[in-house]
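Each chain carries a letter (A, B, C and D) given by its place in the written order, and its residues are counted from 1.
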């Protein structure tokens, strides 16, 4: 950490900062610049925020040098993590495709979808039982009934399942029915929920918040892992920007950035990111080429009858074509799709 | 609502859209444009998202005309709402100042802060017992112990109290100790929590999410009110933008925009918005001049020893000076500070 | 266009709007909604902004239905445009790679770079002679001397050349020395310059402004084409968002969005978008997979001695490896690299 | 400056960085951290970007400590600058109100506007003769004819005048007709134009670019001053964010931030920032309370007939009411309006 003192800081103020730092075990280096005095401090980055340095008289600003996360960092573990969800491995050479409807709407809808995406090559089935909706007047999900249908679809098709949970109660319910737990974008900084998910030990699909920096996203993963659960898969799903031509702005650069900073696998959700069916295929291709370990794609047997997110859902036919394209792409970039 | 059909939409597709709309009770107006056919549809805006129109073949886009909220809207209730928190009224001529430390840290810290902010003219005491922190290694709050201290400070000083809750468990705990419940920026779209807060009947301080549009913020208030709790006060606290000179970008235009669209009172939090002590006074003045009904200001007896957000906390002396400035300003804009 | 009248608009105000619209040749459709009167108006979208409708009493808002651009739109010309820059065609099956140093720094630097990128497979040479720099104390380019070196490099290697112009004077100079003119991000809405570039007739590489919407970008192209110059190639180079892990946020979704709305080719600049050498290769791959017609890549013989943008420049060796990867990718997505 | 070496940097790489720094006159301090070696370097911040350090092997990142601007900084000149435009002084106790139409449209329109804004208390007349418009099909300004009308209006009313220039040719024309030159948001980083404006010696109103950071804005002012013209007034006019309820997001915190970092005066344009007439008055009040030295307000005799920006223009009556409100506000914040 570097502490920049302001132009008018006096000796007494400089000494006070120095003492505070030494008291917390930091090693001090004083650098006298042209206009300012700068204090280099070597020690534990994670306690900086408890020191109150920025509020001390004479301090202009604090510049952290180290990243604030530890367990998720590539430095703490050089090798890329392989996350197992039953028989599926995320983070290896195989690109993992997760597909299914936005919301579980009925037995027929889910089972049809499950059979079709399995047929086309998906290995994990998605389906929402608890839907966070911006309007209180919109469909809010089938809840436990939806979870049961996911379990039934899994039993029939052999697909592994993932579903979003929205609080501790839904987490409690879901853990018995599904194989992987999704933490949605709106809950990425719901820190209590992150801890609970950490304690559950279940594999976690952690979506990036729609205005979260990559650093904040990795800190959210740090919360989960700090409870002893290392089975975290990150999912880029678009960030909020000024551009309105797409629902969100898919930040594909986040894929190589995350892979540089962390050992965790990262997948991409082109459906929520773009909000438009026609854009799902090109952005799926781009995600793979950028190095993503998998895709999360919304598929609905009849998108125009979907109770949620119909405009961005692929038909089963669209999805089959996309899988064919992805199969052509994968070997050209050193990956496989089973 | 206006449904724009694409250039190549055929008669069959147009008829299908028309039938879907009529089936849901919409009245239809066909407009043939130069290049496109447009369908004007008159009916209930709140069910648009259930119609799946955007996913129907031939539909280019849907343009909603009405706002998606109803209970919070100025149109549903012309007169501005006055929200009572015990003996304090928010939304009237009196500007309401809420002050206190970011986090409750100890009995002495809180009681000192409470006495000092009361002395200077604050009417509501703030203090966090449950702290959502980006790092799992930071101070997370005193929890129930903190709530008890708030109740004690209230009993001693006569100040009304507000505290942030972060899930249903903390809501359950807090409702017996404090007078007003705060929903933080990160939980603004935690829809289950909004419903629970709605059922609690307690006055609510609803912060704007850091990347929430004004429309989404009002929809969050709609969730609370739709459960029968009309005691909602909105709080602007800065949005996330590309600018890094301040912690967030305080969107003061939101104050008159919200007052035009809704009957609910709106206050401003210049401490979290700017993240810097020196900016709190000018932005407090600006907030009042923009028409805010109150302010939420962080004050700490010893900011450089604060466990959270020290750099943006005012000292009691700074706060007294600011209150004096605000008292000079209020009558010039037709408001009062008691 | 749809004109939404506000709740309290009277007959007189409605009539005034109707008359204004009819006077400008619009055909009128009145729709009486539940709470509002809405006027559908069919006519020339391009003159809406001259009507002053939004300022008329009783008008709540104007909702345009048509896109504001015409000459650049896919509707005006169904077939994708092929832009010829001497013997190079942009927009066809061949992916076009443009490479070279950020700034022309010396004869040796440019000729070395030119030979190396040609060797690796680039077909157009880039090099800046006029550098827009945020600091007045930074290197500002060799100006005409730089243009001469570009011409020399072209003569020696047979590479076609492109350089950025920054005002009408530099345009005048550059047109005699180079084959294609680049309009940089900061000048994307320098409308006089766009007109001058349009009049010049030279092929244009039009970069997206760093906070420009896709619609504004296409309107900038409309300026150029409206002067009779149809040789426009669009270049996505990242937009400004809250994320600071990369220099800008590369908006790859813009590639399929633009291709849906316009007949113009679009290429991608991963160097400026990411600002970091390690990210250039994965984002180049992703750009191709998303459907880009080409790439603009910074290559410098000795990046650590570059006077501008060294950290994002590839070494010639990096560039050769990347070309090899791109050659493996191209056939898997139905493209070619010569 | 602090140079952070990466985890695996070897002695040779560290020596190379050290030599490069010393060769450019920097004084070196080596700090060995827990995981990294950090090099503190004391010297001229302005040449950092020429050193190519970030591209050197082993370097992880560069952290600048000093601000990149010098002439505009509060550190270079402690006292606030007073900018004289004929008999008007900007930056003193008097709040300066600049008003007039967006575009000069006709002799009658401009003279009527000039008389009315003078009557209400404006001291500078604004009016655009060169209009940068996003559509090539919109009104582009009266050009020299408009400048002549501004000169005539000035002669009749005694008002000082300001107009926007858009390139060197319009600057040449304008300097003989008006008293102050405006550089618009889209030209804030048109560095050649900034230099030309600097050489002109005319007082300059420098608008913030719609996606410019405060640092970039001050660097633009540095360009002007580095040519010897110290008469720069900054103008905040809203930045581009995800929020669409207002045309831009007025960043009022920028006012105290700029005043802390620079000696230059700063005014606010609530008309362009909000894009809506009803929001102009509250945001004008807020701007003053935040410490702005003046306001730039669009006033049109008949907003609904305006050829540009009618929806955000005040009528002369609105403007008179606003001036009355501002006159009540000013003394309460220690300012005056003549």
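Assume a contact is a pair of C-beta atoms (placed from the backbone, for glycine too) under 8 Å apart; a residue touches a chain by one contact, two chains touch by 3 or more.
Just so we're clear, the structure is a prediction, and the values are computed from it rather than from any experiment.
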**OP:** Using residue numbers, check each pair in B-C, B-D or C-D against A-D and return the one sharing over half of the contact pairs.
**Re:** B-C
Original post:
Most remote chain relative to chain C, going by C-alpha centroids?
Top reply: B
Original post:
Which integer distance in Å separates the CA centroid of chain A from that of chain C?
Top reply: 31
Original post:
How many angstrom between the C-alpha centroids of chain C and chain B?
Top reply: 39
**OP:** Mind checking the centre-to-centre distance between chain A and chain B? Centres are C-alpha means, answer in whole Å.
**Re:** 26
Subject >> Touching two or more other chains - residues of chain A >> reply: 211, 240-242, 244
Original post:
What residues on chain B touch chain C, complex-wise?
Top reply: 2, 4, 7, 29, 31-36, 38, 40, 42-44, 63, 65-66, 75, 240-242, 244
**OP:** Under the touch definition given earlier, write down the residues of chain B that touch chain D in their complex.
**Re:** 211, 213-215, 239, 241-246, 249-257, 260, 273-274, 278-279, 282-283, 285-291, 325, 328-329, 331-333
Subject >> Touch list for chain D against partner chain C, complex >> reply: 46-47, 49-50, 52-57, 68, 132-140, 166-169, 186-187, 189-193, 195, 210-211, 216, 219, 222-223, 226, 240, 277, 303-308, 310-311, 313
